[in-house]
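Here chain A shows up in two complexes: once beside chain B, once beside chain C.
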Partner chain A sequence: MSNIATYTAAFVDAFRVDETQVADLAYQSIEQWDSLGHMQLMSDLEERFEIEMDIDDITDFSSFSKGKEILGKYGVAFDA
Partner chain B sequence: MHNEPGGSSFDIKGILKAQCNRSPMLFIDRVCHCVPGQSATSEKNFTYNEWFFPTHYEDDPNVPGFVLVESLVQSFLMTFLSLPEHFGSRTSFLTIKETQFRRRVVPGDRLVIDSTLTSLKRGIATGTSIGRVDGELAVSTDVTIGLPKILEKYKPKT
Partner chain C sequence: MKTIKAVWEKRNLGLDVLEVELEAEDQPQEVSQWLAAVEDADYISVKVPVALMPLITAIEEIGYRFREMLSTVDVVNLPVLDGVMARYERHMSSARATPEQMQEIFACIRAGMFKTDRFSLDPMFSSDQAANRYCGWISDEVARGAELMCIDFKGKFVGFFLTRAGDNKRFHSLLAGIFPPFQHMGLGYFINYMAYAHCFAQGAKSVTTTFSSNNLGACSIHNIINTRLTSQCYVFSKHLKRVEEFHV
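Entry: the complex of A and B
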(Lines of atoms letter the chains of each structure in order from A and count residues from 1; the text may use other names and numbers.)
(Lines give C-alpha, C1' and ligand atoms only; values in the text may rest on other atoms or scores of the structure.)
Protein backbone atom coordinates (compact mmCIF):
# COMPACT_ATOMS: atom_id res chain seq x y z
CA MET A 1 0.00 0.00 0.00
CA SER A 2 1.34 3.46 -0.90
CA ASN A 3 1.93 6.05 1.80
CA ILE A 4 -0.95 8.18 0.58
CA ALA A 5 -3.27 5.16 0.66
CA THR A 6 -2.12 4.34 4.19
CA TYR A 7 -2.52 7.97 5.26
CA THR A 8 -6.01 8.19 3.73
CA ALA A 9 -7.06 4.91 5.34
CA ALA A 10 -6.09 6.26 8.76
CA PHE A 11 -8.51 9.17 8.36
CA VAL A 12 -11.25 6.95 6.97
CA ASP A 13 -10.91 4.52 9.87
CA ALA A 14 -10.56 7.20 12.56
CA PHE A 15 -13.46 9.38 11.47
CA ARG A 16 -15.71 6.96 9.55
CA VAL A 17 -15.78 9.18 6.46
CA ASP A 18 -15.59 8.34 2.80
CA GLU A 19 -12.10 8.51 1.29
CA THR A 20 -13.33 11.16 -1.16
CA GLN A 21 -13.91 13.50 1.80
CA VAL A 22 -10.57 13.30 3.56
CA ALA A 23 -8.59 15.82 1.46
CA ASP A 24 -10.66 18.72 2.81
CA LEU A 25 -10.67 17.66 6.44
CA ALA A 26 -9.37 19.95 9.15
CA TYR A 27 -9.48 19.81 12.93
CA GLN A 28 -13.07 20.40 14.09
CA SER A 29 -14.35 20.57 10.49
CA ILE A 30 -16.36 17.45 11.33
CA GLU A 31 -17.63 16.44 14.74
CA GLN A 32 -15.54 13.26 14.74
CA TRP A 33 -12.29 15.25 14.59
CA ASP A 34 -12.34 16.60 18.12
CA SER A 35 -9.57 16.35 20.71
CA LEU A 36 -10.29 12.66 21.32
CA GLY A 37 -10.53 11.88 17.63
CA HIS A 38 -7.27 13.74 17.13
CA MET A 39 -5.39 11.54 19.57
CA GLN A 40 -6.80 8.38 18.04
CA LEU A 41 -5.69 9.59 14.62
CA MET A 42 -2.20 10.43 15.91
CA SER A 43 -1.81 7.03 17.55
CA ASP A 44 -3.05 5.27 14.45
CA LEU A 45 -0.68 7.18 12.17
CA GLU A 46 2.26 6.46 14.46
CA GLU A 47 1.44 2.79 14.38
CA ARG A 48 0.90 2.63 10.63
CA PHE A 49 4.10 4.52 9.78
CA GLU A 50 6.13 3.25 12.76
CA ILE A 51 7.06 6.73 13.93
CA GLU A 52 6.73 8.74 17.14
CA MET A 53 5.70 12.36 16.74
CA ASP A 54 6.80 15.26 18.95
CA ILE A 55 4.16 17.19 20.88
CA ASP A 56 4.71 20.30 18.70
CA ASP A 57 3.97 18.29 15.57
CA ILE A 58 0.86 16.79 17.15
CA THR A 59 -0.52 20.23 18.00
CA ASP A 60 0.45 21.58 14.56
CA PHE A 61 -1.34 18.70 12.83
CA SER A 62 -4.45 20.73 12.03
CA SER A 63 -5.59 19.35 8.68
CA PHE A 64 -5.19 16.51 6.20
CA SER A 65 -2.84 18.60 4.05
CA LYS A 66 -0.80 19.95 6.99
CA GLY A 67 -0.43 16.40 8.24
CA LYS A 68 1.30 15.30 5.06
CA GLU A 69 3.82 18.09 5.52
CA ILE A 70 4.45 17.05 9.13
CA LEU A 71 4.84 13.37 8.33
CA GLY A 72 7.44 14.37 5.76
CA LYS A 73 9.66 15.36 8.69
CA TYR A 74 9.57 11.73 9.78
CA GLY A 75 10.59 10.39 6.39
CA VAL A 76 7.08 9.64 5.15
CA ALA A 77 7.06 10.80 1.53
CA PHE A 78 3.87 11.29 -0.46
CA ASP A 79 5.31 11.97 -3.91
CA ALA A 80 4.44 9.48 -6.64
CA MET B 1 0.61 0.43 50.34
CA HIS B 2 -3.21 0.44 50.57
CA ASN B 3 -5.72 3.01 49.23
CA GLU B 4 -2.98 5.48 48.29
CA PRO B 5 -1.65 6.68 44.93
CA GLY B 6 0.71 3.98 43.70
CA GLY B 7 -1.00 1.47 45.98
CA SER B 8 -1.15 -2.28 45.50
CA SER B 9 -4.75 -2.68 46.75
CA PHE B 10 -7.85 -0.55 47.23
CA ASP B 11 -11.04 -1.00 49.22
CA ILE B 12 -14.14 1.03 48.51
CA LYS B 13 -12.70 4.12 50.23
CA GLY B 14 -9.61 3.98 48.05
CA ILE B 15 -11.63 3.34 44.88
CA LEU B 16 -13.73 6.43 45.62
CA LYS B 17 -10.55 8.48 45.89
CA ALA B 18 -8.96 7.03 42.76
CA GLN B 19 -11.91 7.28 40.34
CA CYS B 20 -14.96 9.49 39.84
CA ASN B 21 -17.73 6.87 39.51
CA ARG B 22 -20.29 6.97 42.30
CA SER B 23 -23.27 4.89 43.41
CA PRO B 24 -25.46 3.74 41.72
CA MET B 25 -22.94 3.67 38.87
CA LEU B 26 -19.96 2.32 40.81
CA PHE B 27 -19.53 -1.33 39.87
CA ILE B 28 -16.41 -2.60 41.62
CA ASP B 29 -16.22 -3.24 45.36
CA ARG B 30 -12.54 -3.89 45.85
CA VAL B 31 -9.24 -3.99 44.00
CA CYS B 32 -7.49 -6.95 45.59
CA HIS B 33 -4.26 -6.66 43.67
CA CYS B 34 -2.90 -3.80 41.64
CA VAL B 35 0.35 -3.12 39.85
CA PRO B 36 0.00 0.58 38.94
CA GLY B 37 0.62 1.11 35.25
CA GLN B 38 0.25 -2.60 34.51
CA SER B 39 -2.70 -4.51 35.94
CA ALA B 40 -5.54 -4.73 38.43
CA THR B 41 -7.64 -7.56 39.80
CA SER B 42 -11.00 -6.39 41.11
CA GLU B 43 -14.13 -7.89 42.58
CA LYS B 44 -17.78 -7.02 42.32
CA ASN B 45 -20.36 -8.83 44.45
CA PHE B 46 -23.83 -8.78 42.94
CA THR B 47 -26.58 -9.17 45.53
CA TYR B 48 -30.30 -9.00 44.92
CA ASN B 49 -30.24 -5.54 46.53
CA GLU B 50 -28.75 -4.11 43.29
CA TRP B 51 -31.12 -1.52 41.83
CA PHE B 52 -31.47 -3.24 38.46
CA PHE B 53 -32.43 -6.76 39.53
CA PRO B 54 -36.13 -6.11 40.25
CA THR B 55 -36.64 -4.94 36.67
CA HIS B 56 -34.01 -6.99 34.82
CA TYR B 57 -35.92 -9.23 35.05
CA GLU B 58 -38.68 -9.66 37.59
CA ASP B 59 -38.94 -13.40 36.96
CA ASP B 60 -35.32 -13.99 36.01
CA PRO B 61 -32.93 -11.51 37.63
CA ASN B 62 -29.54 -11.19 35.93
CA VAL B 63 -26.95 -8.44 35.52
CA PRO B 64 -27.55 -6.23 32.45
CA GLY B 65 -24.81 -6.33 29.85
CA PHE B 66 -23.99 -2.65 30.18
CA VAL B 67 -23.38 -3.12 33.91
CA LEU B 68 -20.97 -5.97 33.21
CA VAL B 69 -19.11 -3.83 30.67
CA GLU B 70 -18.98 -0.94 33.14
CA SER B 71 -17.58 -3.28 35.80
CA LEU B 72 -14.86 -4.39 33.40
CA VAL B 73 -14.03 -0.80 32.49
CA GLN B 74 -13.98 0.43 36.09
CA SER B 75 -11.52 -2.31 36.96
CA PHE B 76 -9.45 -1.35 33.93
CA LEU B 77 -9.45 2.30 35.09
CA MET B 78 -7.64 1.22 38.24
CA THR B 79 -4.66 -0.01 36.19
CA PHE B 80 -3.72 3.62 35.52
CA LEU B 81 -5.73 5.75 37.95
CA SER B 82 -3.68 4.02 40.63
CA LEU B 83 -0.63 5.86 39.28
CA PRO B 84 0.15 8.94 41.39
CA GLU B 85 0.02 11.26 38.36
CA HIS B 86 -3.48 10.14 37.35
CA PHE B 87 -5.02 9.37 40.76
CA GLY B 88 -8.57 10.75 40.91
CA SER B 89 -8.59 11.92 37.29
CA ARG B 90 -11.72 12.08 35.20
CA THR B 91 -11.87 9.66 32.27
CA SER B 92 -13.94 9.17 29.14
CA PHE B 93 -14.80 6.18 26.98
CA LEU B 94 -13.17 6.08 23.56
CA THR B 95 -13.84 2.58 22.32
CA ILE B 96 -14.91 -0.84 23.47
CA LYS B 97 -14.26 -3.71 21.13
CA GLU B 98 -14.51 -7.47 20.99
CA THR B 99 -16.92 -7.61 23.91
CA GLN B 100 -18.09 -11.12 24.61
CA PHE B 101 -20.74 -12.34 27.04
CA ARG B 102 -20.27 -15.98 27.88
CA ARG B 103 -22.18 -16.57 31.10
CA ARG B 104 -25.13 -15.00 32.85
CA VAL B 105 -24.34 -13.26 36.10
CA VAL B 106 -27.07 -13.57 38.71
CA PRO B 107 -27.73 -12.48 42.31
CA GLY B 108 -25.15 -14.03 44.60
CA ASP B 109 -22.39 -14.14 41.99
CA ARG B 110 -18.97 -12.59 42.57
CA LEU B 111 -17.41 -11.24 39.41
CA VAL B 112 -13.61 -11.36 39.56
CA ILE B 113 -12.04 -9.10 36.95
CA ASP B 114 -8.50 -9.25 35.61
CA SER B 115 -7.54 -6.04 33.83
CA THR B 116 -4.37 -5.42 31.88
CA LEU B 117 -3.04 -2.10 30.61
CA THR B 118 -1.24 -2.64 27.32
CA SER B 119 -0.58 1.00 26.46
CA LEU B 120 -0.80 4.38 28.16
CA LYS B 121 0.35 7.14 25.89
CA ARG B 122 -0.55 10.85 25.71
CA GLY B 123 -3.73 10.40 27.71
CA ILE B 124 -5.01 7.30 25.94
CA ALA B 125 -5.13 4.02 27.83
CA THR B 126 -5.67 0.74 26.01
CA GLY B 127 -6.07 -2.74 27.38
CA THR B 128 -8.30 -5.66 28.22
CA SER B 129 -10.55 -6.81 31.03
CA ILE B 130 -11.78 -10.33 31.65
CA GLY B 131 -14.51 -11.15 34.18
CA ARG B 132 -15.03 -14.60 35.67
CA VAL B 133 -17.52 -16.13 38.10
CA ASP B 134 -16.29 -19.14 40.05
CA GLY B 135 -13.37 -19.31 37.62
CA GLU B 136 -15.68 -19.50 34.61
CA LEU B 137 -15.40 -16.88 31.86
CA ALA B 138 -18.40 -14.55 32.04
CA VAL B 139 -17.51 -11.44 30.05
CA SER B 140 -14.50 -9.85 28.38
CA THR B 141 -13.67 -6.76 26.39
CA ASP B 142 -10.93 -4.68 24.83
CA VAL B 143 -11.16 -1.07 25.93
CA THR B 144 -9.69 2.34 25.16
CA ILE B 145 -10.13 5.17 27.63
CA GLY B 146 -9.12 8.84 27.40
CA LEU B 147 -7.81 11.16 30.08
CA PRO B 148 -9.29 14.53 29.00
CA LYS B 149 -6.88 16.68 31.01
CA ILE B 150 -3.94 15.07 29.19
CA LEU B 151 -5.62 15.03 25.78
CA GLU B 152 -6.23 18.76 26.12
CA LYS B 153 -2.48 19.39 25.96
CA TYR B 154 -2.25 17.69 22.58
CA LYS B 155 -5.18 19.21 20.73
CA PRO B 156 -4.29 21.15 17.58
CA LYS B 157 -3.81 24.89 17.69
CA THR B 158 -6.76 26.60 16.03
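Entry: the complex of A and C
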Protein backbone atom coordinates (compact mmCIF):
# COMPACT_ATOMS: atom_id res chain seq x y z
CA MET A 1 0.00 0.00 0.00
CA SER A 2 1.35 3.45 -0.89
CA ASN A 3 1.90 6.06 1.80
CA ILE A 4 -0.95 8.20 0.48
CA ALA A 5 -3.27 5.19 0.58
CA THR A 6 -2.18 4.42 4.14
CA TYR A 7 -2.58 8.07 5.12
CA THR A 8 -6.04 8.29 3.54
CA ALA A 9 -7.12 5.05 5.21
CA ALA A 10 -6.23 6.48 8.63
CA PHE A 11 -8.62 9.39 8.08
CA VAL A 12 -11.35 7.12 6.74
CA ASP A 13 -11.06 4.83 9.75
CA ALA A 14 -10.79 7.61 12.34
CA PHE A 15 -13.66 9.73 11.09
CA ARG A 16 -15.87 7.23 9.22
CA VAL A 17 -15.85 9.32 6.07
CA ASP A 18 -15.58 8.36 2.42
CA GLU A 19 -12.07 8.53 1.00
CA THR A 20 -13.24 11.10 -1.55
CA GLN A 21 -13.89 13.51 1.33
CA VAL A 22 -10.59 13.37 3.17
CA ALA A 23 -8.57 15.84 1.08
CA ASP A 24 -10.67 18.77 2.32
CA LEU A 25 -10.76 17.77 5.97
CA ALA A 26 -9.54 20.13 8.67
CA TYR A 27 -9.76 20.04 12.45
CA GLN A 28 -13.38 20.67 13.50
CA SER A 29 -14.54 20.82 9.87
CA ILE A 30 -16.58 17.74 10.75
CA GLU A 31 -17.99 16.72 14.13
CA GLN A 32 -15.84 13.60 14.23
CA TRP A 33 -12.60 15.58 14.13
CA ASP A 34 -12.78 16.86 17.69
CA SER A 35 -10.12 16.40 20.38
CA LEU A 36 -10.87 12.68 20.75
CA GLY A 37 -10.92 12.14 17.01
CA HIS A 38 -7.61 13.96 16.85
CA MET A 39 -6.03 11.63 19.43
CA GLN A 40 -7.32 8.60 17.57
CA LEU A 41 -5.99 9.86 14.25
CA MET A 42 -2.58 10.73 15.71
CA SER A 43 -2.25 7.35 17.42
CA ASP A 44 -3.30 5.53 14.27
CA LEU A 45 -0.86 7.44 12.06
CA GLU A 46 1.98 6.79 14.48
CA GLU A 47 1.18 3.09 14.42
CA ARG A 48 0.74 2.84 10.66
CA PHE A 49 3.95 4.72 9.86
CA GLU A 50 5.91 3.52 12.93
CA ILE A 51 6.82 7.02 14.02
CA GLU A 52 6.43 9.09 17.19
CA MET A 53 5.49 12.69 16.57
CA ASP A 54 6.59 15.62 18.66
CA ILE A 55 3.80 17.29 20.63
CA ASP A 56 4.20 20.49 18.59
CA ASP A 57 3.58 18.53 15.41
CA ILE A 58 0.54 16.86 16.95
CA THR A 59 -1.00 20.21 17.86
CA ASP A 60 -0.08 21.72 14.47
CA PHE A 61 -1.71 18.82 12.62
CA SER A 62 -4.72 20.91 11.60
CA SER A 63 -5.76 19.46 8.23
CA PHE A 64 -5.26 16.62 5.80
CA SER A 65 -2.84 18.69 3.73
CA LYS A 66 -0.93 20.07 6.74
CA GLY A 67 -0.56 16.53 8.02
CA LYS A 68 1.24 15.41 4.88
CA GLU A 69 3.72 18.22 5.37
CA ILE A 70 4.27 17.21 9.01
CA LEU A 71 4.70 13.53 8.25
CA GLY A 72 7.35 14.50 5.72
CA LYS A 73 9.51 15.56 8.67
CA TYR A 74 9.42 11.95 9.84
CA GLY A 75 10.50 10.55 6.47
CA VAL A 76 7.03 9.73 5.19
CA ALA A 77 7.08 10.76 1.55
CA PHE A 78 3.99 11.37 -0.55
CA ASP A 79 4.70 11.19 -4.24
CA ALA A 80 2.97 13.82 -6.35
CA MET B 1 -42.52 20.46 41.71
CA LYS B 2 -39.74 22.75 42.89
CA THR B 3 -39.69 26.40 41.93
CA ILE B 4 -36.75 28.76 42.26
CA LYS B 5 -36.86 32.49 41.64
CA ALA B 6 -33.48 32.86 39.96
CA VAL B 7 -32.78 36.34 41.31
CA TRP B 8 -29.17 36.17 40.09
CA GLU B 9 -30.44 36.13 36.53
CA LYS B 10 -31.75 39.67 36.98
CA ARG B 11 -28.10 40.72 37.18
CA ASN B 12 -26.98 38.37 34.38
CA LEU B 13 -29.84 38.65 31.90
CA GLY B 14 -31.75 41.69 33.12
CA LEU B 15 -34.82 39.49 33.43
CA ASP B 16 -37.03 37.93 36.06
CA VAL B 17 -36.36 34.23 35.67
CA LEU B 18 -38.21 31.35 37.22
CA GLU B 19 -36.68 27.87 37.30
CA VAL B 20 -39.04 24.92 37.72
CA GLU B 21 -38.07 21.33 38.36
CA LEU B 22 -40.77 18.75 37.85
CA GLU B 23 -40.90 15.41 39.61
CA ALA B 24 -42.49 12.08 38.81
CA GLU B 25 -45.40 12.62 41.19
CA ASP B 26 -46.45 15.94 39.62
CA GLN B 27 -49.80 15.89 37.87
CA PRO B 28 -49.72 17.17 34.28
CA GLN B 29 -52.89 19.20 34.49
CA GLU B 30 -51.91 20.87 37.77
CA VAL B 31 -48.46 21.69 36.39
CA SER B 32 -49.80 23.25 33.20
CA GLN B 33 -52.42 25.25 35.12
CA TRP B 34 -49.82 26.51 37.57
CA LEU B 35 -47.36 27.47 34.81
CA ALA B 36 -50.06 29.17 32.75
CA ALA B 37 -50.93 31.34 35.74
CA VAL B 38 -47.40 32.66 36.32
CA GLU B 39 -47.30 36.39 35.65
CA ASP B 40 -44.25 37.68 37.50
CA ALA B 41 -41.55 36.13 35.29
CA ASP B 42 -40.01 37.12 31.97
CA TYR B 43 -38.55 33.71 31.24
CA ILE B 44 -39.32 30.29 32.68
CA SER B 45 -37.23 27.15 32.35
CA VAL B 46 -38.67 23.77 33.23
CA LYS B 47 -36.61 20.66 33.90
CA VAL B 48 -38.38 17.34 33.44
CA PRO B 49 -36.79 13.99 34.27
CA VAL B 50 -36.56 11.88 31.12
CA ALA B 51 -39.41 9.61 30.07
CA LEU B 52 -42.21 11.45 31.92
CA MET B 53 -44.21 11.82 28.72
CA PRO B 54 -47.51 13.06 30.19
CA LEU B 55 -45.67 15.96 31.86
CA ILE B 56 -43.71 16.68 28.69
CA THR B 57 -46.88 16.73 26.63
CA ALA B 58 -48.60 19.01 29.15
CA ILE B 59 -45.91 21.68 29.04
CA GLU B 60 -45.50 21.43 25.28
CA GLU B 61 -49.20 22.10 24.92
CA ILE B 62 -48.86 25.44 26.74
CA GLY B 63 -46.04 26.64 24.52
CA TYR B 64 -42.85 25.40 26.18
CA ARG B 65 -40.07 24.57 23.76
CA PHE B 66 -37.49 21.82 24.11
CA ARG B 67 -33.98 23.21 24.52
CA GLU B 68 -31.62 20.47 25.63
CA MET B 69 -31.12 17.31 27.61
CA LEU B 70 -28.83 17.58 30.61
CA SER B 71 -26.88 14.52 31.68
CA THR B 72 -25.23 14.32 35.08
CA VAL B 73 -22.45 11.82 35.61
CA ASP B 74 -20.07 10.82 38.37
CA VAL B 75 -16.45 10.37 37.38
CA VAL B 76 -15.14 7.74 39.76
CA ASN B 77 -11.61 7.17 38.48
CA LEU B 78 -9.13 9.37 36.74
CA PRO B 79 -8.88 8.09 33.16
CA VAL B 80 -5.62 6.32 32.35
CA LEU B 81 -3.67 8.09 29.64
CA ASP B 82 -1.41 6.36 27.21
CA GLY B 83 0.41 7.08 23.96
CA VAL B 84 -0.45 10.44 22.44
CA MET B 85 -2.66 11.41 25.38
CA ALA B 86 0.16 10.91 27.87
CA ARG B 87 2.43 13.07 25.71
CA TYR B 88 -0.09 15.91 25.84
CA GLU B 89 -0.52 15.58 29.58
CA ARG B 90 3.23 15.95 30.23
CA HIS B 91 3.04 19.50 28.91
CA MET B 92 0.00 20.58 30.92
CA SER B 93 -0.38 22.05 34.38
CA SER B 94 -2.92 24.05 36.32
CA ALA B 95 -2.76 26.82 38.90
CA ARG B 96 -5.26 28.95 40.78
CA ALA B 97 -6.35 31.94 38.68
CA THR B 98 -5.21 35.37 39.82
CA PRO B 99 -7.73 38.24 39.71
CA GLU B 100 -6.06 39.40 36.50
CA GLN B 101 -6.37 35.95 34.93
CA MET B 102 -10.01 35.82 36.00
CA GLN B 103 -10.56 39.02 34.01
CA GLU B 104 -8.77 37.44 31.02
CA ILE B 105 -11.17 34.51 31.27
CA PHE B 106 -14.14 36.88 31.38
CA ALA B 107 -12.83 38.73 28.32
CA CYS B 108 -12.65 35.48 26.37
CA ILE B 109 -16.14 34.50 27.49
CA ARG B 110 -17.47 37.90 26.42
CA ALA B 111 -15.76 37.39 23.05
CA GLY B 112 -17.96 34.31 22.60
CA MET B 113 -15.96 31.24 23.58
CA PHE B 114 -19.05 29.30 24.70
CA LYS B 115 -21.62 28.52 22.05
CA THR B 116 -23.52 25.40 23.07
CA ASP B 117 -25.53 26.43 26.14
CA ARG B 118 -29.23 27.04 25.70
CA PHE B 119 -28.85 30.79 26.20
CA SER B 120 -26.17 31.18 23.51
CA LEU B 121 -28.26 29.06 21.17
CA ASP B 122 -31.48 30.98 21.83
CA PRO B 123 -31.87 33.88 19.38
CA MET B 124 -34.07 35.64 21.92
CA PHE B 125 -30.98 36.23 24.05
CA SER B 126 -28.05 38.38 23.03
CA SER B 127 -24.47 37.15 23.17
CA ASP B 128 -23.87 39.68 25.95
CA GLN B 129 -26.64 38.14 28.04
CA ALA B 130 -25.28 34.64 27.49
CA ALA B 131 -21.77 35.77 28.45
CA ASN B 132 -23.05 37.65 31.50
CA ARG B 133 -24.50 34.41 32.82
CA TYR B 134 -21.13 32.68 32.71
CA CYS B 135 -19.23 35.58 34.23
CA GLY B 136 -21.83 36.04 36.96
CA TRP B 137 -21.91 32.32 37.68
CA ILE B 138 -18.13 32.03 37.92
CA SER B 139 -17.95 35.07 40.22
CA ASP B 140 -20.67 33.66 42.47
CA GLU B 141 -19.04 30.22 42.65
CA VAL B 142 -15.60 31.65 43.43
CA ALA B 143 -17.15 33.81 46.15
CA ARG B 144 -18.67 30.62 47.62
CA GLY B 145 -15.29 28.86 47.64
CA ALA B 146 -15.01 27.21 44.23
CA GLU B 147 -11.60 27.09 42.61
CA LEU B 148 -11.06 28.81 39.28
CA MET B 149 -7.98 27.23 37.74
CA CYS B 150 -5.90 28.28 34.76
CA ILE B 151 -4.59 25.61 32.41
CA ASP B 152 -1.08 25.97 31.04
CA PHE B 153 0.01 24.10 27.93
CA LYS B 154 3.65 24.52 26.96
CA GLY B 155 3.86 27.86 28.77
CA LYS B 156 0.65 29.28 27.33
CA PHE B 157 -2.55 30.09 29.19
CA VAL B 158 -4.92 28.01 27.05
CA GLY B 159 -8.07 27.69 29.13
CA PHE B 160 -9.61 27.20 32.54
CA PHE B 161 -11.77 25.02 34.72
CA LEU B 162 -13.97 25.63 37.74
CA THR B 163 -14.39 23.03 40.49
CA ARG B 164 -16.02 22.94 43.89
CA ALA B 165 -15.48 20.58 46.81
CA GLY B 166 -18.66 19.06 48.20
CA ASP B 167 -19.62 16.92 51.16
CA ASN B 168 -18.02 13.52 51.71
CA LYS B 169 -15.22 14.19 49.24
CA ARG B 170 -17.64 14.47 46.36
CA PHE B 171 -16.39 17.23 44.11
CA HIS B 172 -18.13 19.09 41.31
CA SER B 173 -16.63 20.04 37.98
CA LEU B 174 -18.70 23.05 37.04
CA LEU B 175 -17.29 24.55 33.89
CA ALA B 176 -14.28 24.23 31.62
CA GLY B 177 -13.22 25.88 28.42
CA ILE B 178 -10.43 26.40 25.94
CA PHE B 179 -9.75 29.86 24.59
CA PRO B 180 -10.54 30.22 20.87
CA PRO B 181 -6.91 30.53 19.66
CA PHE B 182 -6.21 27.07 21.13
CA GLN B 183 -9.38 25.27 20.08
CA HIS B 184 -7.80 23.56 17.06
CA MET B 185 -5.06 21.75 18.98
CA GLY B 186 -6.84 18.70 20.34
CA LEU B 187 -6.94 20.06 23.89
CA GLY B 188 -10.66 19.60 24.55
CA TYR B 189 -10.28 16.26 26.26
CA PHE B 190 -7.61 17.60 28.59
CA ILE B 191 -9.59 20.58 29.77
CA ASN B 192 -11.96 18.07 31.35
CA TYR B 193 -9.20 15.67 32.35
CA MET B 194 -7.29 18.42 34.15
CA ALA B 195 -10.37 19.33 36.18
CA TYR B 196 -10.83 15.71 37.28
CA ALA B 197 -7.11 15.32 37.98
CA HIS B 198 -7.23 18.41 40.18
CA CYS B 199 -10.19 17.07 42.17
CA PHE B 200 -8.72 13.59 42.65
CA ALA B 201 -5.40 15.13 43.70
CA GLN B 202 -7.33 16.86 46.47
CA GLY B 203 -8.82 13.59 47.69
CA ALA B 204 -12.05 13.43 45.73
CA LYS B 205 -13.90 10.11 45.83
CA SER B 206 -15.94 11.15 42.83
CA VAL B 207 -16.45 14.18 40.65
CA THR B 208 -19.91 15.11 39.45
CA THR B 209 -20.46 17.03 36.27
CA THR B 210 -23.39 17.97 34.06
CA PHE B 211 -23.29 18.49 30.33
CA SER B 212 -25.76 19.40 27.62
CA SER B 213 -26.84 17.32 24.67
CA ASN B 214 -26.04 20.40 22.59
CA ASN B 215 -22.37 20.05 23.53
CA LEU B 216 -21.25 17.14 21.38
CA GLY B 217 -17.66 17.46 22.54
CA ALA B 218 -18.59 17.04 26.19
CA CYS B 219 -20.95 14.14 25.36
CA SER B 220 -18.20 12.40 23.43
CA ILE B 221 -15.58 12.84 26.15
CA HIS B 222 -17.84 11.58 28.90
CA ASN B 223 -18.86 8.59 26.81
CA ILE B 224 -15.31 7.31 26.68
CA ILE B 225 -14.16 7.94 30.25
CA ASN B 226 -15.22 5.91 33.21
CA THR B 227 -18.41 7.62 34.36
CA ARG B 228 -21.61 6.60 36.08
CA LEU B 229 -24.73 8.24 34.67
CA THR B 230 -26.74 9.50 37.64
CA SER B 231 -29.54 11.52 36.05
CA GLN B 232 -30.89 12.93 32.84
CA CYS B 233 -33.52 15.58 32.34
CA TYR B 234 -35.04 17.54 29.49
CA VAL B 235 -35.05 21.32 29.67
CA PHE B 236 -37.92 23.31 28.21
CA SER B 237 -38.33 27.04 28.29
CA LYS B 238 -40.74 29.82 27.45
CA HIS B 239 -40.25 33.53 26.97
CA LEU B 240 -43.04 35.52 28.54
CA LYS B 241 -41.60 38.95 27.81
CA ARG B 242 -41.99 40.48 24.38
CA VAL B 243 -38.96 40.13 22.10
CA GLU B 244 -38.28 43.86 21.71
CA GLU B 245 -38.03 44.27 25.47
CA PHE B 246 -35.56 41.46 25.80
CA HIS B 247 -32.06 42.51 25.01
CA VAL B 248 -30.29 44.43 27.76
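Please note the rule applied: the second predicted complex is superposed on the first by the 79 of 80 C-alpha atoms of A that agree within 3 Å, B and C clash if a C-alpha of one lies under 4 Å from a C-alpha of the other, contacts with A are read in each partner's own complex, and residues count from 1 in each chain.
The definition used in the following text is that a contact is a pair of C-beta atoms (placed from the backbone, for glycine too) under 8 Å apart; a residue touches a chain by one contact, two chains touch by 3 or more.
Just so you know, these numbers come straight off a predicted model, no measurement behind them.
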Partner chain in contact with A:2 - chain B first, chain C second, else both or neither: neither
Partner chain in contact with A:65 - chain B first, chain C second, else both or neither: neither
First, second, both or neither for A:39, with chain B first and chain C second: both
First (chain B), second (chain C), both or neither touched by A:31: second
Chain B/chain C common contact set on chain A: 27-28, 35-36, 38-39, 42-43, 55, 58-59, 62
Chain A contact footprint on chain C (complex, rising order): 83-85, 87-88, 90-91, 154, 183-190, 216-217, 220-221, 224
Residues of chain A touching chain C in the complex: 27-28, 31, 34-36, 38-39, 42-43, 46, 55-56, 58-59, 62
Residues of chain A that touch chain B when the two form their complex: 27-28, 35-36, 38-40, 42-43, 55, 58-62
Chain A partner contacts - residues on chain B that touch it in the complex: 92, 94, 121-124, 144, 146, 148, 151-158
